[in-house]
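Working notes, beginning with the structure itself.
Note that the chains take the letters A, B, C, D and E in the order they are written out, and that residue 1 is the start of every chain.
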Amino acid sequence: MYENYAHVLIFALVAVGVVVAPLILFALIRPVRPDAEKLSAYECGERVVGTPWIQFNIRYYLVCLVFLVFEVEILLLFPWALVYGAFIGGPEQVEALAQGAANTSEASGGMAFVAMFIFMVILAVGLAYDWGKGYLEWETEITTSPEIEEKEVA
Amino acid sequence: MATKQKLRSERMLISMGPQHPSTHGVLRLMLETDGEVVEHAEPHLGYLHRCAEKIGENLTYQQFTPYTDRMDYLASMNENWAWCRAVEELTNLEIPQRGEYIRLIICELNRIASHLLALGTFGLDTGAFTPFLLAFRERETILDIFEAVCGARLTYNYVRVGGVLWDLLPNHVEMIRDFLVQFTSKLDELNDLLSENQIFVKRSANVGIITAEDAIEYGFTGVNLRASGVDWDLRRDEPYSVYPEIEFEVCLGKGIKGTVGDSWDRYYVRVQEMYECVKMILQALDQLPPGDFCGKVPKMLKAPKGREVYVRTENPRGELAFYLVGGGKNIPHRVKARAPAFVSLCPIEDLFHHMYIADLVAALGSLDVVMGQVDR
Amino acid sequence: MIEEAVRFVINIPFGFFGSEAPEWLVFVHCSLIYGGVFMMAFISVLAFGSVWAERKISAWMQARLGPMEVGKYQGCLQTIADALKLLLKEDILPAAADKPLFTIAPILVFAGSLMSYVAIPFGPNLKVADLDIGVFYILGTSAVVVVGIIIAGWSSYSKWSIYGGMRAAAQYVSYEIPTALHLLPVIIMAGSLNLIEIADEQQFFIGPVDCSFLTWNLWPWINPFATVSFIMYYIASLAETNRTPFDLAESESELVAGSHTEYSGIRWSFFFLAEYADMFVVSALGTILYLGGWHGLPIPVIGPYLAPFFFLFKVLFLMFIAIWLRWTLPRLRVDQLTYLCWKVLLPFGMVTVTGTALWQLYFYKTPVGVILGTVIAIGTIWAMIKIYRSESIPEKGKPMARRDQVAATPS
Amino acid sequence: MFDFIFFVFSFVCIGSALFVAFTPNVVHAALGLASTFATLAGFYVLLGADFLAITQIAIYVGGILVLMLFGIMYTHTIARVSGEQVMMQVGPALLVVILTLFTLVATILSTAWPVKEVAPPAPTADRIGVLLMTDYLLPFEVAAILLLVALVGAVVIAQTPVRKSIEESVD
Amino acid sequence: MVGLPHFLVVSAILFSIGLLIMITRRHGIMMLMGLELILNAANLNLIAFSRYVETGIRGQTFAIFVIILAAAEAAIALAIILSIYTHSAKINLDELTSMKE
């Protein structure tokens, strides 16, 4: 196993090197003629007004929040998917995988399915809740007139 | 309901344009955005302002025609025509019948070219690149015809006071006929690619809806007005030139995919109008009479001092009208153009309120503005 | 063979001192040759080739010629000329940018998407690293890309960049869920996370003839849920690689160029290359998991030798479809993007995973299953198209609000 | 070779952790944290836990760190422009921390750990899967419920309505 | 020869740095970073024990649960920090003096 991951490590270093090397090497022959206009941020040809580093809309953040939880849940499904076939095969196959690490006498395909199914249902409940409450909609309020807005705030 | 709760976040002031891929030239929109939603948009104009109207007051009537080319550079022929009609009205010039037919043929061709570009860029605004280039290929053919007819590809100065510059030769007629034959099938293709495309429909239907009342109150004209369901076309309702002798239908927005007056309707009215243009040109080619293509125009074209005219013409972008006051000599006292593209920009502040950035781009594309005409 | 050659060469300087090169030194050199030389050469050829191919294909679809000048044949060297231009272009570091982060971001994006290549096998023996959890590893590396893109967007100190960064991050992370979920059916079927084992699991021989094309995981008679999953995986992977119709993050008509608006020259080219590199990775993953990898070429004797080419052919075919879609479809809006992810792909993913689990219990590779699977798959796809079509008439929208009228109404 | 890589990783890991501790810029700190997480994944590989290593990258770098970056961007106005943050009570804190560290290291070094003979690392994912399905079945389901609660809770909390305007709260 | 104590020492150092961050920083998200470092130190311990001490694979399974907990905790904690910030425009947790409105 180590050598496979050693390949990964070396490849990672090579990949970084592939980026860094031309940045440094070609800096020698690249023209460098900076001026204030060139170095300013792109604002469609106009002067920059205000800062882009503002308190951003929360919607992107909520997407990420939902993502994190689902990511963890799906991660838990990977080991299950990996051994599900063995569970269908029966306790002997599971025992062969576990190598004595776990109590496998009751392993069966039906049990593994039910375990996953409960897990999936809980996942679905979370999704259904967010769906029902409208947290998955991108923009929850597009009002057409200011008066509605005022009512909501009040 | 929890979803209606207001979340606080700062608004970003962002300048969209003048150098932005989807502001169709040099329109600048100051957007106030909250995340993906545009809360407020304020148009800044004048990046292409060239005092065209003031220049018009210092030039002779004939000399000003090329300046109109530069206003709406996508439909220069129609722009020329509008100016010439105003001058002819002011000076009571007679135009020979053949000249009128040639004008109609050429200007309807230019209408097709202009609509093609509007469709292409609208597709580009929603992210579809291929329709843009397919539309451009057809537009190229039209430009080839124009080049053969008048020698220029963008600023033609072809429609002149009193008629047109050159006659339409038999080989030109042949070119136009050839083009029209293959164009209808190509247009069907383009239609298939974009109009019924589910993603495109979802991006443009129900986006930027302008009701009939609003459209009238804002002074919308042309396609943008008809897309809102208002049955009004100068070519039929206030006919000029030889339009009464041509049969055509006025296409209206019907809200097939969403609501009447949405971006998809504006798009689709343009598509239908191109089919109508083909019909009109074919009729005009059949009826093309022999004779002079240009009337007798005095070198020193004079208009009586104080005489004023307001002549409106149906252009691809709406009603282009020129208001002229004669100056006694060969120079007008006052020139004023009513630019339809400028009117199309008027509802921006109301329309682009609480709207996705992507919808803003789509709605702006569907309004089909040309900044040369807006700024003049 | 390479290992022996490397050992021989390295031993030459050590031979002077009468000693032998340590084993790890040989290993590092071998790895550098596999990863650093072969794989990098492959990636460069792939990137240059696919960029050129995309240009030519798009030109062909749009009735134009595309690049014609550089190189004798059809402008085939155009991409290389462009690369040279980018290398020699002035390197602009915006004055207001957070410079260390601005420099690190393309490294993260590029290295992150290149890291996946280590785990991709091109044939039964053609691989750099044989990871036991290859699928999982490839999913993990995309995490680095997300961080790189957020950093790129934030550090540029430009409004369009930060918009692009935010959008890209939200899009990448949300589409990682369906991508992972729609890979699960295959993992259940294969019982392995090793890419080579997954590909080999789809083998099916009739005598000496490789008839694996009948038993690819994609086919409904093997598992109808996997068929649906493959389609959904492909859609999600398009979003993962930021291709139209999901290229919101760099949608030029809205955000100019998204998170890399401020990047130019060589720094920009890494973002560009990463996109194409990613496209290959997701296509390769789809090929190995659903299209049987290199299996399925029914030629008895030379078949195994052509296997890597057959694999590449399938991958390039999937890439071609991505290019085809890109030049056909408009772009989705951001709320439609999230709708598709959370309300279509994710629920379908849950159903396909559960369905596959049941299928494995009762019908996997049974005669009943073959018939039932075909029926179910056709039914599902028909229903999907039906639902999609039925959505074509949306409800009426609201007209705009006129401010003067709003002000006139007493509140 | 194992030792060498271990020391390189430890150097990078501790270095980037110290960077997190001392850099004034929150975004830079987040990136330092990413480096720490990545080297920790490297440690996990060294310890033969490949599944855990990828999980570490996927969840910590791809999930938690991204969430933190979003959080920083959302709360950014308070730390105007560069996200600079001061450190407080550095002296006493260092004292406490060094004392803790000393105690910990002393304990670690003085304890006789019941170390077994290490076998070459083997794939772990399937064994973890079996364990999750048999001995740890209940925790597996409970984790799902925990995540459900976290999902619902986090979204609800983050969506809390604002009743006061900014001016009032500043006052 | 690197063995169990080496990993434990690294873990201890990480733990201390996490503690240092939690003591010295008042920025809510920075404190969360310190917390994550501490959790990671614990995880490193678990996995090191799983390798060097006779516990089978259980240490790693445990580490998975720790990661799950960390993710859930990060989600909730960040949501709370954000909520506090939205509520009172304060990110430095020291300045919070009241749990009330």
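Following the convention adopted for this analysis, contacts are C-beta pairs under 8 Å (C-beta built on N, C-alpha and C of every residue); 3 or more make two chains touch, one makes a residue touch a chain.
From a predicted model like this one, the values you see are computed outputs, not experimental measurements.
> What is the minimum number of touch steps required to go from chain C to chain E?
So the least number of steps between the two chains is 2.
> Keeping to the contact definition above, tell me which chains border both chain B and chain D.
Common neighbours, chain B/chain D: A, C.
> Which neighbours do chain A and chain C have in common?
Common neighbours, chain A/chain C: B, D.
> Return the chain whose centre of C-alpha atoms lies at maximal distance from the corresponding centre of chain B.
So the chain farthest away from chain B turns out to be E.
> Per the centroid of Cα atoms for each chain, what is the distance between chain B and chain E, given in Å?
Between these chains, centre-to-centre, one finds 63 Å.
> Hey, how far is the Cα centre of chain D from the one of chain E, in Å?
5
> Calculate how many whole Å lie between the centre of chain A and the centre of chain E, each centre taken as the average of the chain's C-alpha atoms.
Chain A and chain E have C-alpha centres separated by 20 Å.
> Approximately how many whole Å separate the CA-defined centres of chain A and chain D?
That pair's centroid distance is 16 Å.
> By residue number and range, which residues of chain C touch two or more other chains?
Residues 131-132, 136-137, 154, 159-160, 162, 166, 169, 173, 176, 193, 256, 334-335, 398-401 of chain C touch two or more partner chains.
> Got the chain E residues that touch at least 2 other chains?
Touching at least two other chains: 57-58, 64, 67-68, 71-72, 74-75, 78-79, 82, 86.
> Do you know which chain B residues sit against two or more other chains?
2, 5-10, 12, 14, 20, 36, 356
> Considering the complex alone, what residue numbers of chain D touch chain E?
2-3, 6-7, 10, 13-14, 17-18, 20-21, 26, 29-30, 33, 36-37, 40, 43-44, 47-49, 51-52, 55-56, 59-60, 63-64, 67-68, 71-72, 74-75, 78-79, 85-90, 93-94, 96-98, 100-101, 104-105, 108-109, 113-116, 118, 121, 124, 127-128, 131-132, 136, 139, 143, 146-147, 149-151, 153-155, 157-158, 160, 162-164, 166, 169-170
> Flag every residue of chain B that touches chain C in the complex, lowest number first.
12, 14, 20-22, 36, 123-130, 133-134, 137, 193-194, 197-203, 205-211, 214, 255, 257-259, 261-262, 347, 349-351, 353, 356-359, 361
> So in the complex, the part of chain A that touches chain D is made up of which residues?
Touching chain D: residues 1-2, 5, 9, 51, 53-56, 58, 60-62, 64-73, 75-76, 78-83, 86-87, 94, 97-99, 101-104, 106-107, 111-112, 115, 118-119, 122-123, 125-126, 129-130, 133, 135 of chain A.
> What does chain A use to touch chain B in their complex?
So the residues of chain A touching chain B come out as 43-46, 49-50, 52, 54-60, 133-135, 137-144, 149, 152-153.
> Using the touch rule from the top, collect the residues of chain A that touch chain E in their complex.
58, 61, 65, 68-69, 71-72, 76, 100-101
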